[in-house]
Amino acid sequence: MKTLIKNGRIVTAVDDYTADILIDGETISTIGKTLDIEADRVIDAAGKLVIPGGIDPHTHMELPFGGTQSSDDFFTGTRAAAFGGTTTIIDFAVQYKGESMIAGVDNWHAKAEGKCAIDYGFHLITTDFEDKNVEEMHTLMDEGITSFKLFMAYPGVFLVDDATILRAMSTAGERGGLICMHAENGIVINEIIKRALEQGRTAPKWHALTRPTIAEAEGVHRAIAIAEMAESPVYIVHLSCTDALNKVREARDRGIPAFAETCPQYLFHSIEDYGDDFEGAKYVMTPPLREKHNQSELWKGLKMDDLQVISTDHCPFCMKEQKELGKDDFSKIPNGAPGVENRMVLIYNGGVTENRISLNRFVELTSTAAAKMFGLFPRKGTIAVGSDADIVVFDPNAETVFGVDNEHMNVDYSSYEGWKCKGRVDTVIQRGNVVIENGEHKGKAGDGQFLKRGTCVTV
Amino acid sequence: MKTLIKNGRIVTAVDDYTADILIDGETISTIGKTLDIEADRVIDAAGKLVIPGGIDPHTHMELPFGGTQSSDDFFTGTRAAAFGGTTTIIDFAVQYKGESMIAGVDNWHAKAEGKCAIDYGFHLITTDFEDKNVEEMHTLMDEGITSFKLFMAYPGVFLVDDATILRAMSTAGERGGLICMHAENGIVINEIIKRALEQGRTAPKWHALTRPTIAEAEGVHRAIAIAEMAESPVYIVHLSCTDALNKVREARDRGIPAFAETCPQYLFHSIEDYGDDFEGAKYVMTPPLREKHNQSELWKGLKMDDLQVISTDHCPFCMKEQKELGKDDFSKIPNGAPGVENRMVLIYNGGVTENRISLNRFVELTSTAAAKMFGLFPRKGTIAVGSDADIVVFDPNAETVFGVDNEHMNVDYSSYEGWKCKGRVDTVIQRGNVVIENGEHKGKAGDGQFLKRGTCVTV
Amino acid sequence: MKTLIKNGRIVTAVDDYTADILIDGETISTIGKTLDIEADRVIDAAGKLVIPGGIDPHTHMELPFGGTQSSDDFFTGTRAAAFGGTTTIIDFAVQYKGESMIAGVDNWHAKAEGKCAIDYGFHLITTDFEDKNVEEMHTLMDEGITSFKLFMAYPGVFLVDDATILRAMSTAGERGGLICMHAENGIVINEIIKRALEQGRTAPKWHALTRPTIAEAEGVHRAIAIAEMAESPVYIVHLSCTDALNKVREARDRGIPAFAETCPQYLFHSIEDYGDDFEGAKYVMTPPLREKHNQSELWKGLKMDDLQVISTDHCPFCMKEQKELGKDDFSKIPNGAPGVENRMVLIYNGGVTENRISLNRFVELTSTAAAKMFGLFPRKGTIAVGSDADIVVFDPNAETVFGVDNEHMNVDYSSYEGWKCKGRVDTVIQRGNVVIENGEHKGKAGDGQFLKRGTCVTV
Amino acid sequence: MKTLIKNGRIVTAVDDYTADILIDGETISTIGKTLDIEADRVIDAAGKLVIPGGIDPHTHMELPFGGTQSSDDFFTGTRAAAFGGTTTIIDFAVQYKGESMIAGVDNWHAKAEGKCAIDYGFHLITTDFEDKNVEEMHTLMDEGITSFKLFMAYPGVFLVDDATILRAMSTAGERGGLICMHAENGIVINEIIKRALEQGRTAPKWHALTRPTIAEAEGVHRAIAIAEMAESPVYIVHLSCTDALNKVREARDRGIPAFAETCPQYLFHSIEDYGDDFEGAKYVMTPPLREKHNQSELWKGLKMDDLQVISTDHCPFCMKEQKELGKDDFSKIPNGAPGVENRMVLIYNGGVTENRISLNRFVELTSTAAAKMFGLFPRKGTIAVGSDADIVVFDPNAETVFGVDNEHMNVDYSSYEGWKCKGRVDTVIQRGNVVIENGEHKGKAGDGQFLKRGTCVTV
């Protein structure tokens, strides 16, 4: 099966040129000024951008959390991702305390198997890491699970102590594995939450007011300090504020391999969105939304490469029955929000059309950087001969209107209800197959394959 | 009883002039260009410096630690302090886990009662601080225990978690109390020690090699971050290195009330002093001695007021029978070293005669700043009308030779064996009484009184 | 002649106690808990502060500038200073281009001789400094002119190039002299002014809008860099903004002897005071008033000792006939504003009563630090036996109301019209003589003596 | 004419894959997994790297300087560049004081016309920039001269004042032009040189000892400050030291578009290379070689993108008759050294094989970044369909031995005499024509075309 994409403006993290692309089977076979080749299918991309499929390295499908479970399963979530121009996700399997790491991954394989509409990989949320787990980590890395997420937050649930962090970083780092860190001092935060609740402060906005940016910055600083002692790199997930970004900047100025992602919610929303009533529960996620002045600093960080990746931390919960669990106590609201479908257009619109980042940087932040960070490159993350034909034909002039009625995530609200954005995902190709076309899903559950990932090549 | 000190060069943290001082009873009554007054005793201070008695806010007398007890008791230790020109110490009482804070202080009162040769106060090492302890802290502050030391190091012994730190800082800070912090990430350090021992690394120098400066800097940064969230000041004890100092500098540049002391050992010794054999056990203290390049940065910090106080962390253990406990395992060497007697002359020589600090700054660092920091000012820490007559007549031209034979601490070695220093403590007056004269102790156990301290006036 | 000040609360840069002070002739003879001594005059200071007379190291009396001359002469200006609690000024003599340095000083001696109500010294504004001037600088230093001011601003008038700065710093620094720097990139600023005028922007506010904080920060950075190369200290005059302060902070963190003063106008006024009409001319001074957010950073700098001195840059011009010169062109408005009389009360009120600085720090910033910086200590700047009896009895509870009708400066407006401040200067004593009492000047022109200054003891 | 490169490992700034490249005429026509196409010429690149031709944006051919002229003319210099794997240079035309900018460019066109072996562009060294020059700058930008170099050094020769810098930056910046800055405080440096010569310090090493790193850092800071005020980007040429790099880091952390290049000499040589005798003249270039510890910081800067480009500042002078001009006075030694031929292999060896940078970053630093910075992208700087076929087949396993006998620059010494490096330039193709093959030049003078450049796309 051959597909020919004609006359598109091909944009990678570096290049920008007009040419034809021949896909033969699952990969890109030829790129030429003018390819006069017979193909089973021809896509006219004149006037369109032809970019690598998005990679979202931070999603939580079917995640049990806060007494419920995130509302997208691996089918609805990955299909929504595809609609949004994302062709690969890396989701988080969980090793619960007392469980083996391998069991954790097996459980997630069982969830995802046969359901994904796009390709997927796993990080492993690691809650125990003693000497006895070293061998397991090696086994998982052999099987393509090469990154492990640790939490400095959520005491009693996910939090691990600093010795565990050191051990995990050392072991992973020795063979190129990467530790992803939820960097917030959860122990201090829980104390602050306790006091707020004692004072009767229960509305959603108190979720934000009890998680100071200093607690995040402290976590980032400590994570990097331990990584330095472990002589390993570290990747900070969902960095949300200037205070935390400054810690990454300082480390990078010293040449330390510290990396970080941010998410669209921190670029486009702010603490004011909580308001005073329960509607604010839509934005109860961790870290919380921050003061507005943080946004421009995050954009600076993205531009100057102090932030390398934009992920979504997609973790949807419906307002009804799910978010409502915290009606009378913000600390019981399940943490998370939808977003996997919105990312590409949001960043195109807010980044490229608003002149904050270049088109090349847009591709790098939404695809290439994650591919290199998490061992998927050059299979994913670029448009080059031999790479998987994961391609988005993107119309830079058309408009996308967000809203729960237009979106495909399994959740009863949109974080961007009514927003009109420049840019539209026209056609999405995954390993040579058109999966999205004319606003319809042309694929099926199980199209997506599990990705055995290699190790980070960014360091 | 009246004492007249004639013709001395009186130096305070700010002033520098020649005059006569009349002591009436325990306090300074009059200072005049020429006082023609009858006195019971006249001391000729011509050609000498007349400075406030030293204040050492960090000593450990009779401290049970590492299966033994520091070798100076409250008599030998305070007498040695007096010989060295120090007229006030603040020692550390200990609340052991499970014990009440008040019991901790009572135990130390029992140890010190009737034994001290000079005035003394207590900080309280606090190992439990739950809501139920709030009232106790208030009681202690009423009784003049206004500072509390917490440990980020020594897991299982003294270490408290970050929530405890926040609680203690908030409670103390509300009424002007001060948290003193041993800021080192002891959890990470213990993990590093475990690995070193597994690899057979047992010599004293491994004490230093398993406590990276990053672990101290991380602790300092975290302590300050928690203090910011608690809206309280914090005082870092025994800061030893540039990496940690930089964290204090950054905070102070932002106007944060973060304070720190360093100790002579970090100014004059370095990691090379450990050598390869067991003699290095003399210098097993925490934090350990650092690379030599840290010394000049600490002096800079002292000069520019990023470090405010020089204390000793005096905590002597004899080589014989005490340090020897770690003959085969550096982690079993009792941590600590003697120094209470050496401080004033060391700093005069290394600071003033070496032109690193001014004479006024010498007085400030060794006396005035501690008095203000720990609520003893203006009773202590200055030469002013109405203040306690705690005065040292110091000969700037005479020489002091250190060495175990010349010193009065109860320990079988000197950290400065054979060092010749410019400057000599000639006469020491405590509350109007001469306690040291002609190299002899003229006082007795019990001369020193417990000091009910007020709160910090430095913030 | 003996004067006894009874029962006052004596506050120096370090001390704070209640005692009696005996003045014998021009100096302080005795300080005692209770002095039962006959005196020619007794001042009851019960309930009052007794503080060192203020030192204002930055005034411009009778300065020819911008086609006119500052409106206070050495009598009216120094008398106003005395009313405000200031007993010493250091004014700026000027060496005009082509003139000898000595001639410059002689000219200012001629102006001040017999006119000053309080003691005074001179810095020399130096506009030429070639090898041939080296000897002159030495001569002046022998005669007590130990500080020299250079300008990076005002091209064609005062500006000197970087080679001149290096030469002057090296020569002065070798024997303890100090370079005071007007640090603003005047060459860039003049270019910006030229453009603004071309665009018809002539109102007073454009004075501020054409002098970006970056131009000041650049000057500060460059001045410090040249000082480092000259291995000399440097003192930045009238620092006005955070951007510039940050350069001083960075240098001081590295241990560089960089010092800076700020002035009340930058602490209490902001760019909004310019308004849109010509009334803004009152605040046309250089550097200009800045955005309000700079104020709290300057207070932080004062508290943390990144700023060491508060001077006034007193340089008054009447609105009528003087400021009016720039009616149609902001660049022709004489630069400067009155303030020598307001400083002490403004800083007491805004600093001490607003809890931004301690009482000791108030004394240090307004008197002691300048005395040490400019070689007047311990003669001036403290209350100590042997020092000049320059003393202010200050009522902390009384109120001062500023306004042109209540002030004594020779100018037709007040920068603080109608401001009510806590604190009042009650009695001012200069070298033993009461010069201000009950709101009246008791002295006369010529009471003030020229001060041969020594060198900086702050480094 | 068609050329097929088979089986090479194609490496761009982002990509890394194995494929065939078809060149049709001067550009890349097709890239395919396997291209079965007839071609006039087939190059087997199996086992080799296929990378974009190097771009050296900083060379000085036939530059009159210091009473002589750089020894490479546009033919010998560009041929040597080609031997070294560089297919584009950007050389510096000079507008001498009093001359029109256009005349300056015309003079350089006359020199280069018909002589270049590779493509070339011009920056213009601008020594006068008044309002009357604005139009000229626009004309030049229309003609593809879009970057202008200003000097803060060399007073009396090239130095311009800060107002000129502001004007030039504003004018260029308004339409995307870029100011390249030689950032060293030449006024201070000349003063230091004067003193050194007065003291009889004449050996080459004094060239380095009279140009402190602070003088460079000051220049960099000032250049960036003026650029901020002009709201324009700035590009620092030949950054040599940590002190200067830190200024770029600080600016970039704040999101300021400040860019910088370094050169191989600063990465591989150090101040020790000057020795004590006249042999050190080989390394008399500006800025001078620095202390060794700077090297690792520059590599960090290159890795973390605080430095964006590696150029050579190729400006050769023979020891005989040229460098000898400064036999008795280091300040008379012509400043500059050869290097255009060494760059690619040096950076491959020192960067990639020493694991300091990745292979992609090697390409970016030596080619892509300069193409984007100076408006040559995507015509130059990448391997993509439609781009000029400027391609180097590079053997990563072969070795290059440097030395005057093996090199082709017209100069009587090599800066890297006897150095053995991993990596060898095998074949060099310029716009489809093989110019270097089997160690021989296959092209001729005049092959190279003048490049009309667009504007910077990096900002």
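To keep things simple, chains are lettered A, B, C and D as they appear, and every chain counts its residues starting from 1.
The rule is simple: contacts are C-beta pairs under 8 Å (C-beta built on N, C-alpha and C of every residue); 3 or more make two chains touch, one makes a residue touch a chain.
Predicted model only: the values in this text are computed from it and were never measured.
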item	value
Joint neighbours of chain C and chain B, given as chain labels	none
Farthest chain (mean CA position) relative to chain D	B
Centroid distance [mean C-alpha coordinates] between chain D and chain A, Å	39
Intercentroid distance (Cα basis), chain B paired with chain A, Å	51
Between chain C and chain A, distance of the C-alpha-averaged centres to the nearest whole Å	57
Touching two or more other chains - residues of chain D	none
Chain C residues touching chain D - in the complex, by the definition given at the top	161-163, 165-167, 185, 187-188, 190-192, 212, 214-215, 217-218, 221-222, 225-226, 228-229
For the chain A and chain D complex, residues of the former touching the latter	12-19, 22, 24, 27, 29-33, 35, 249, 252-255, 297, 300, 303-306, 358, 364, 368, 378, 382, 384-387, 457
